[in-house]
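These are the structures, in C-alpha cells.
First subunit A sits with subunit B, and in the next complex the same chain sits with subunit C.
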Partner chain A sequence: MILLPTLCLLFLTVAAVENESFSEDVALRTLPDGRVATTFTFNTILEKEAPRDPRTLFDDQDESQHYTLFPLSLGQVLREYAVTELHLTLNAGKWDYDKWGYPSEPDVGSGASLWTWMADGAPNSIDARWSGLRNALAGLFCASLGTLDEQRTTSPVIPFAPEGSLPDWGIPHRLRHASLASEHVCTENLTPFLKLLPCKGLSGIASLLNPHRLFDADWHGMGIHVLWDPAVGVQVRMTFQTVTNPLRAGNIRKEDWSFRSLFDRRIERVCPVASSSQVSVGLPSRGMYNLKPEPHHITDNMGHYDLTKDFEPMDVSIKWKNAFEYLLEPITPHPMPISFRRMLHGNSQDRGQLVVTLDNHLDNAIDILYLETMPWMVQFYLHTMTVEHNGSVDNTLLSNLSYIPPVPHAQPATFQVIVTLPAQAHIKLSIDVTKAFLRYTEHPPDAQRGWDLPPAVFMPLDASPLDAKNETLTTYPRGKRIYSSPMLVDLATPDFSMPYNVIIFSCSLVAFLFGTIFNLLTRKWVVLKLDGEKEKEE
Partner chain B sequence: MQTPSSSAVAVGLVASRLLLATATSATDYLIHDHQLSSPLTSFRNLQEGIYLFNHGINPYSGGVFRHSPLYLSLFATVLPSSKTFASILWTFCDVVGAWALVKIWHARQNVSSTPRDGLIAASYLLNPYLVLPSLALSTSSLENTLTLLSVMFAAQGRASAALLLMAVQFHLSLSTLILIPPLLMLLISTPASSLALPKPFTGSTNRLPALIIEFTAYALGLTAASTLVCNGFSWVPQTWGATLTLPDLTPNPGLWWYFFTEMFDHFRDFFLMVFSVHLLIYVAPVCVKFQYDPLFATFVLAGVLGIFKAYPTLSDPGLFISMISLFPEIYPHLRHPLVTALLHLHAALLLPLFHQLWLMQGTGNANFFYASTLVFACGNGAALIDCVRAGLRLAIGKEVEGMVVIQE
Partner chain C sequence: MDRLLAKFRAPKTGNPHLVRIQRRDKIIALVTARLRLIVALLFIAGYAWMLILPTIPTETTDKIDENALLPAQINTQWNWDEVHAADRYLDQLEHLRDTNASSAERALYLQTEFLKLGLDASTQSYTFSTVVGDSTGVNAYALLAAPRTPGAEAIIISASWQSRTGEGDGTLNLRGVATVLSMASFVRRYSHWAKDLVFVVSDGYLDGMQAWLSAYHGVSQPNLLADNLDIATSVVWVALNVDYPGHSFSHLGIFHEGLNGRLPNQDLLRSFRRISRQTGGSPVILYDHIDNRDNHKSLGMLGSMLPSWLQTPILSIPQVRKYIYHASNVLQHANYQARGIGSGTHALFHKYRIDAFTMYALPATGPHGFHTLGKVLESTLRTANNMLERLHASLFFYMLTSSDFSLKIGMFLPSVICVSVAMMFHGLGIWTSAGWTQIAATATELEKSKIVVARRIRPTLPVLAIMAMTHAVGAVLFYLVNTSAIATSSFRQVLVGLVIATLPMVLSANPKVASAQQDEDTQATVAVTLKALNICLASTVISILSVLNFSLAASLAVLLGVTLCIPIPSGSSAKWVAYVAYSALGLGWLAIPGEVERMVWGWQMLGVWTCPIVCMIYTPLVLQAVIVCKLT
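Up next is the complex of A and B:
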C-alpha cells in the first residue's frame, strides 16, 4: 500500500532532478589550540541555467520555476530582483586568525553581511532592487537585514570581486555591500536555513545541525552564496561553520571529539537526493590518536568518508592518547601572512583616534589592501593619517588611497588604501576621527551601549602593485579577505526624555527675546509726571 | 591715554597673542573646542577639505568639510595651511579687525584720532570671546574681521570695497545676509551718531539700485568662482545648505543644535524654516526704527546674529560685545549692565565646565550643556535688549525730577 506512492514519488524525483544536483560535505579539522573547526557545505546546482537579465524584469512572463532540489523561496527572490551573485553571511564571535588560520569560508566578519552583484540597466533602479532584496532576505532568514539601508550600503569592488562569473549582457554589473555588526545569529536563522535544503535537517549531513550545540560553539556562522558559472550553471552554496572547544566540555584534558560530543547527534540516514555526501576529517600531524571508523580514502592529510555507498549510521570520533598540551608560544610558522589589531582610542565622546597595527610575518614585503566601510557617525580626518614603521613616521608606505566621504544621515564612508608592509615589519596606522552627534530619533533603543562599527577588511595582494583608478575586476590579483573584529563606538547621547521640554524652553527664550525687542521698537516713548498727570513728549 | 602708549599697548597685546599662539600648545588644545569653532568654521575641517582637494577627492561630496570654496582655493593654493602660519595669519586678522573697529569709531566721530582709540582696540584684542576662537584658529575670527572691514569701508563711504567684502562675507557665512540692508543704508548716509536726534532717513536713495546691482555682481562673480573651483554646484548644499538644514548637530553655544537634536522628525523642516525666517524678521523693523543711525542698526543686527544664527561660535556674540565700545553715548541709559555681565560670567564658566562634564567625564548629560547655552543666550539677549532700549531712550534726554520715562 505504501510502496506504490513511494515508488511514484521516487520516479518523479528522479525525472525532475535531471538538471539539478545536490551535494553535501562536512569537513572537520583540529585546530592548533585544541578547538575543532567544522565546515558544512551544501551545494545545489541548477545546471545550464543563467541568472535573470534585469531588462526582462517587467516582462509578463518569467520562465517557470519548477525546482525540485533548488530552494524555491530563494530562487524566487533571486529572479524577482535579477540577482547575479549573492553572498549573505550571519556570524557570531570573533574568528581568531592568529590561532586558527584562514577559515574555509572567507566571510567571517561578525554580524550580518550581505553583498550582491546585480546588472544595472533594469527599468527599476539598482538601489530599488537592492532595497527589495534586503527586505525579502530579511523575511526569508528572520534577520534584521532590512536595516542594511543606504546608511550602511557601500560598493568596494576590489575586495568584493565576484566569485563566479558575470554574464556578458552588455550592461554593467554593480556591487552592493552592507554589513551590520550588531546582528545576533541564533536558531531563528538556522530554521529557515535548513528549510532551504532538499532533505531539511532530517537526514544526511544536515541532520548534524543541532541548534543546541551549534549556537553553543565558540564561533559559528552561516552563509548563503549564490553564484553563476557558465560551465556549471547557477550554484547555491550554503555553509555553516563552527569552532567548538572539546577541552571545554570534558574534564579529560584531551581534545577528543565525536559527532556525538560535538553535535549530540550522529548521521542516521543519508539524504537520498544527494549526488555526493562526504565527511572529511583533517588528520592531525602531531600526537597519537585513534580515528574511528577508518576513512574510506585519504588525500592530503584528510580522511574521507563517502556516505553514499554502504551506509550505516555514522559517528566519526577521534581519541587522543595523551592529554592536550596548551600552546605557550605563538605558532611557527605563523598561520597567517599578517596579524592586525584595530582600536579606537580616546575617552572623549566627540573625537578619537582609530589605530590599526599590522604585523608582517613574511620574509618579503607584502601589499595589503585595507578597507573601512565606516558609518557616517565616525568621520575620518584623513589629513591626520600617519603610518609609523618601527617607531618612525613613514607615510610613503600608503598608496592608492580612495575615499568616498560619508554623508551625514545618509551614506557611509568607503575608505580604501594599500599599505606596503616591509618584511617582518610592525606598522601602526592612525587616523583622527570625529564622532557625530545624532538626532534623538536616530539612536537605537539602548543608546548608551554604543554603536557597533562594521569590521575592517584586509586583503593581501599579490606582488604586482595596483592601479586603483584602473579597476579591471577580472585581472585583479587578490588574496583572501581577512576581517577584523567589529568595534564599539561610544557616541554622545542627548536626553531622550525631554524633547518637549527642549522645544518649550528654546521657543520660550526665542519668543521672549523677539517679543521684548519688538516691544521696544514699536511702542511709543512717553514722559509721565509722577503725580499721575500724563504728558506726552515724543 | 596718550597715542604712543596706546600703540605700545597694542604692540604688547599682539606680541603676547602671537607668543601664546605659537610658543604654547594652546592652539592644539583649543582647536577641538566646540564653543570656539563650529563645523562650519573649524580649522581641522578646513585642513581636511584641503587634504581631500589635493588628493583629487571632491571635498563637497560629503563628510566634514563645510567651508566656502573661497577658503578652499585660498588655502589650497596661495596660503600654506600649517598651524604656525595660520596662527600668524589669525593674529594679523585680529589686529586688522581691531584697527577697523578704531577706524569705524573715527568715522563715527569724524575725527582722525581720539583718546579712546586704545580702549576700543583693546575691547577687540582683549575680548576673551574673540581671543579664544582666534587661538583655536576658528575661521569665524576671519569672518569677524571681514565684517568689520566692510562696515569700516561703508562708514568711510567707500562703496565698492565695502560691497566686495560684504559679498565675500556673505559667501563665507550665509546668515551675514541680514547685515546687508543696514550696510547699504550706511553707505548712502552718514555714520555719525544721531541717536540723540531721531530724524527721517536722509540718505540719497537713488544710489541704492546701483549699489544693489554692484553687490549682486560681486556675489555672482564669487559664486561663479566657487563653482569653477569645485567643478559644479556641489558646494552649495554643503556650505549654504548646512546653515539652512543643520545636518551637523555638533554642540555649540547657540540655540539651534539641541533644539534640532530633540526635534520630532515630522516637525524638523517646519522649525528649520521658522528658525531661518526668524533671523530675517529683525531686519526691516530695526532698519526702519534706526533709520537715522544705520551704524547702530548694523550693531543691533550683529547682536541678533550672535544669538540666533545657526552654527554660532563665541566670536559671534564677541563681535557684538566689542562693538558696544563704538557707542559710548548709550552707556548712561543702560538699565541692567551688571545683570548682563553676571549672566555672561555665569555662562562663560558653565559652558566649558558642562561641556567637559558631558563629553569628557561622562558625569553630566546633554541637558547641562544645553542649560548653559540657554543662560548664554539670556546673557546675549539681555545685552541686546539693553542696548536697543538705551539707543531709543537716548532721544528722550535726561530724566527730570518728578517725571518718569516709560514706553506706552
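Up next is the complex of A and C:
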C-alpha cells in the first residue's frame, strides 16, 4: 500500500524529466539596515515548446496541453490569448532603494502591474486579447486586474523590453502595460499562486510561504513571469520577495533570523519533483555571526544548501554576537547609481506641480530614462517643464522627449524623457500639472481617499562607460528598472456624504432663478390704475 | 394673526393684479413706517444673541460623525518602558538646554536620535526676514515608512521647541519633544500603521513649523530662505501637536484655532476628548481654562471683574458660574480667531487642508505625566490611522463653549447676521430718504396738512470717490506699517495715526467737496449719502466675513454696528467730540503698544489677514464715518 504513492511519485518524476522541469530556490540576505530580504524563485520549464502563434487562434485544434509540472490553469490562459511574454506583479510596500539596494526581481512597483508582449496579426485584435487576458488573470489570481482598462493601458517599449525572445513569425509584437497602484496584496492572491506550483505549499521551499508571516513583512510582492527562450522553451518563473524586519519585534536589539522567526516554519521535506532545490544565504560582510547549519558550498559571499542531497528537516539561522546599531551616515558606496524622489506639490484641487529630484551617486555622467504613465486625471503643461542642476536652470539635460497626450476620460498619457545626470549631480525636474474635474459618475463608490497615480519608472541607460578602475561601480546593475512609489492626488470631490442637502439647495437656487426670469419673460405687462389716492390727485 | 392676515386679504371683488399691487404697497408702507423700530429690534436681538451664546443649549461632543475613527477602542501598548525612554531623552534635552546648545546642535542631536531608531531623519535650516526682525533656526524631522504601504499618505506628529505658553516667550516644550522622540521609538515596533508617520521637532514657536510646512508643500515665500526637505512628501490628513511645558499635568487642553480663523474638523477634537477620558484617564478642558465651577474664588478673569461685594452673592448661583466659565471660553476663542494668528503651532497646518490641534498638558503638580500623554497620543494616532478618507462631514463650523459642548453654526451665525441686517436696513433707509425732500406746499388747491415730497439727486459719484480715497489711504497705511521704520517704532505709529486723523479735515476744506454741498432741495448732502453707503458697505463686509471668520465678523459688528449708525450730534463741540471718538476708534490700534508689530509679524511671516483687513477695510470704514462727522 505504501508502495503505490511512491510508484506514482516515481512515475511523475520520470514524466517530468521528459520535457518539463521544475527548480526552486530561496535566497536570503541581511540588508544594511538590519532587515532581511528573501527571494523565492520557482522555475518551471516547458522544454522545446513555443508560444502560440496568434494566427492559429481560431483553428479548431490547439495542441494538447498534457502538463505534469507546468501549471495548467496558467498554460491554458497563455494559449487562449496567444501570449508570448507575460509579467504580472502584485506588490505591497515601498522598496527603499537607498537602503536596500537593487531588488533581486526588478519589478517592485507598489500595487498590481501587468505587462505582456503579444504578436499582432490575429483574427481578433490585440486589445481584445489584452482585455480577455486581464480578466482571465483577475479570475486566476483573485486580483482586480480587470480594472486595468484602456484608461490605464500604455505601451512604453523602451523600459519594458522583452526579457526573453520573441518568435520570428513575420508579424510584429506589441507591448501592453498597465498598473494599478491601489491594489492590495494579501492571502487571497497567495493561495492561487501556491496552486500553480507542482508541490503546492506542502513540501520543499514553497512550504515556507506562510501567509501569516509573509503579509506581515515590511515589503512583500509576488510575481509571475512567462517568457520564451528558443534554446530552452517556455519558462514560467514565479517569485515571491519579502523584506522582513527582525528588529521590529519587541525589544530585540539583534538582527538575528531563522526560518522559524521569519516564516514560523522550517523545511520539513523536499519537493520530490524538483530537479534542483537550493537555499542560498548571503554571508554578511560585517560583524561576528554564527550561521547554522554549515553551508554545503560557498560562492561569491553566498552560502548554498542543496536540499536534494541527504535531506533532513532544515532551519537555517544566523545569530550575531553584538547588538545591531543603525548606520548614522548614508551607506558608502551608495548601493544605487541614482536616488530619486517624486512629489506632487501644491495643495489646491485644480493645480499642482510634479517635482522629481534625481541624485547621481556616480563619478561619471549617466543617462536616465524617466517614464511617467499618468492617468488623464493629471495633465502636464509641458512648456512649464524645467530642470535645475544644483540650483540653476539647465534644460539641455533633457533629450529624446516623447509624449503621448492623454485623452480625457479614455486614455492615459505616456511621458518619456532621457535625463543626463552629470557626475555627482543633484537634478530637480519640475512640471506644472492640472488636475481634472471628474464627472460625478467617475468617482468610485468607496471612501474618497484620493486617486493613486502609478509609480514612475527610471532606467539607467548603458551609454555611459564604467570606470574600470573603480571596481565597486561595476557591481551596479545596469539597464534595470527603478520604480518610484505611487502618489495620491486630491481631485475636486463633491461631499458625497450629504447629497440631499446639496441637491435640495442647488435645486432651490435654480428654481428660484429660473422662476423669476421665466415669470418676467412670460408675464403680460399692463398699465394698472391704482384707485383711491391717485384718482383724487387727478 | 387673523387680524394681520385680514389686513392684507384681497377684497372679493376687483382686479386681482391691482389688489396685489395694493397689498404690496401696504406691506412696504408698514415696514418703512416702522423701520427705526425694526432696526433697533434687530440690533438688540443681535447683541443679545452674542451675549447669550455661552448659555444656548448646546450639542454635546459625544457623538463622532466619522464611523471609521473608532476612538478609544484599542488596548494601548505604551507602557513604563516608553516612559523611561522619554525620561532619558528628557535628561539629554535638559542637558542641551543647560549648555545653551544652538539650534543646529539641538537639531543634530534630534536627527542622531531619530537615526539611531532606524528612521530616515534630517534637518532643515531656515531664515525668515520680516521688518520686525529676522528669525533663524533648524528643524529636525524623521519619517517612519509604514510597512506594507506605498507611502502615499502620512500623519504628522509634531512638537515645537518652544511651548505655546506665553505664545513663544521662551518657555520650552522639552517634555513634548521627549514624548515625540519616545513615541518614534515606540511606533516602529508595530506593523499596523497604514500611513507613514512623520515626526517633526520644529525650532522656535511658529516660525520653524511655518518653514517646514512651506518646504513640505513646495510653497515659496519671498521672505523665507529654507532648505528643501530630504524626504519624499505625501498627502497628510491629520497632524497632532504635543505641548507639554510643565513637570506634570492635571488636564489635557485642546487648542484648535488656526490661521485666519480656520478650524480643524470637530470629529478629531471629539475623538481626542473621548480617548483622553477613556484611555488616558485625564480630564479634557478647552484651552488652559480649568472648569472650576466648584470653587468661586477662581473663576478666571470674568469672575474677578465683578466688584468684590457682588462676587459672593452672584457667584453662588450655579447658572452664573456656568455662564462665566462658558463665556470665558467663548471670549478666548473669539480672541484667537479674530486675531487670526491661531492658538499654537497646529494653526499653520489648516491652510494645507490638514486637520490639526495641540494637545496641551496643563502644567500642574500631578497626577499625570508621560504615561498618560503617551497612551493618549498612541490611541489618537491609531484613530487617525483608521481614517479611510479625509474628515469631511461639515464639522468645520462650530464654536466650543467647553470641551463637552459645542455650538453649531446655525446657533451662533445669526447673531452677527442680525446686526448686519440691521445695519443694511438702516443704511438703505438713509439712502432712500436721501433721495427725497420735502417741498413747501405752495399749490393752494392742496390740503394744508399734506406733505409733498419730491425726488432729489444723490451725489453718488463724489461719495464713491471719497470712499475709494479712504480705502486708498488704508492701502497706504498698510504699506507704511509694513515698513521697518514704522513697524518697529511706536512713536512713528502714533504719528501716522495722527496724520491720518487730520485727513478728513483736509478733505472737507477742499473747495470741490464744499461746492458739492449744494441746494438741499435738488441734491442730498454728501454727508448723508456717504453715511448711507458707508453703513451698507460695513454691513456687507460683516456678512461676508461672518462665514469666513466668525469672531472677526462679530468683533466688527460690535465695533462698527451701532457706532456707525447713531446720528451725528448737531452741536459744534459735540461734533468735535464725535470726530475724536471716531478717529480713536479707527486708528486707536496704532497706539496700542506692540499691536502693530504683532500684526505685521503675522502678515509677513504667516500671511494672517488681520493686518490688511484692519488697514484696508476697518480703518477706512471708520474714516468714512469721521468724514461724515466733519461734513455734517
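Just so we're on the same page, the second predicted complex is superposed on the first by the 466 of 538 C-alpha atoms of A that agree within 3 Å, B and C clash if a C-alpha of one lies under 4 Å from a C-alpha of the other, contacts with A are read in each partner's own complex, and residues count from 1 in each chain.
Definition applied: contacts are C-beta pairs under 8 Å (C-beta built on N, C-alpha and C of every residue); 3 or more make two chains touch, one makes a residue touch a chain.
Quantities reported herein were computed from a predicted structural model and do not represent experimental measurements.
Colleague: Thinking of the overlay built on chain A, is A:G93 touched by subunit B (first), by subunit C (second), by both, or by neither?
Modeller: Only subunit C is touched by A:G93; subunit B is not.
Colleague: Tell me the contact category for A:L530 with respect to subunit B and subunit C: first, second, both or neither.
Modeller: Both partners, subunit B and subunit C.
Colleague: So, does A:T516 touch the first partner subunit B, the second partner subunit C, both, or neither?
Modeller: In the superposition, A:T516 contacts subunit B only.
Colleague: Which partner chains sit in contact with A:A249 here, subunit B, subunit C, both or neither? Use first/second/both/neither.
Modeller: second
Colleague: Taking the superposition as given, does A:I503 touch the first partner, subunit B, the second, subunit C, both, or neither?
Modeller: So A:I503 only meets subunit B here.
Colleague: Report for A:D495: first if it touches subunit B alone, second if subunit C alone, otherwise both or neither.
Modeller: In the superposed model, A:D495 contacts both subunit B and subunit C.
Colleague: Please work out whether A:S110 is in contact with subunit B alone, subunit C alone, both, or neither, and reply first, second, both or neither.
Modeller: Touch status of A:S110: second partner only.
Colleague: Using the superposition described at the top, list the residues of subunit A that contact subunit B and also contact subunit C.
Modeller: Residues 347, 495, 498, 526, 528-531 of subunit A touch both subunit B and subunit C.
Colleague: Name, in rising order, each residue of subunit A that touches subunit B in their complex.
Modeller: Result: residues 347-351, 376, 379, 381-383, 401, 403-409, 411, 413, 432, 434, 436-441, 492-495, 498-499, 502-503, 505-506, 509-510, 512-514, 516-531, 537-538 of subunit A touch subunit B.
Colleague: So in the complex, the part of subunit A that touches subunit C is made up of which residues?
Modeller: Residues 33-34, 92-94, 96, 110-111, 181, 215-220, 245, 247-251, 325-328, 341-343, 345-347, 353, 355, 357, 446-450, 452, 485-488, 490, 495, 497-498, 526, 528-531 of subunit A touch subunit C in their complex.
Colleague: Give every residue of subunit B touching subunit A within the complex, in rising order.
Modeller: Contact set of subunit B toward subunit A: 32, 34, 44, 47-48, 50-52, 55, 57, 59, 61-65, 247-251, 255, 257-265, 278, 281-282, 285-286, 289, 307-308, 358-360, 362, 365-367, 370, 374, 377-378, 381, 384-385, 388-389, 392-393, 395-396, 402-408.
Colleague: Which part of subunit C faces subunit A closely enough to touch in the complex?
Modeller: 15, 17-18, 21-22, 25, 68, 81, 112, 115-118, 145, 147-153, 188-191, 217-219, 228, 231-235, 351-353, 388-390, 392-394
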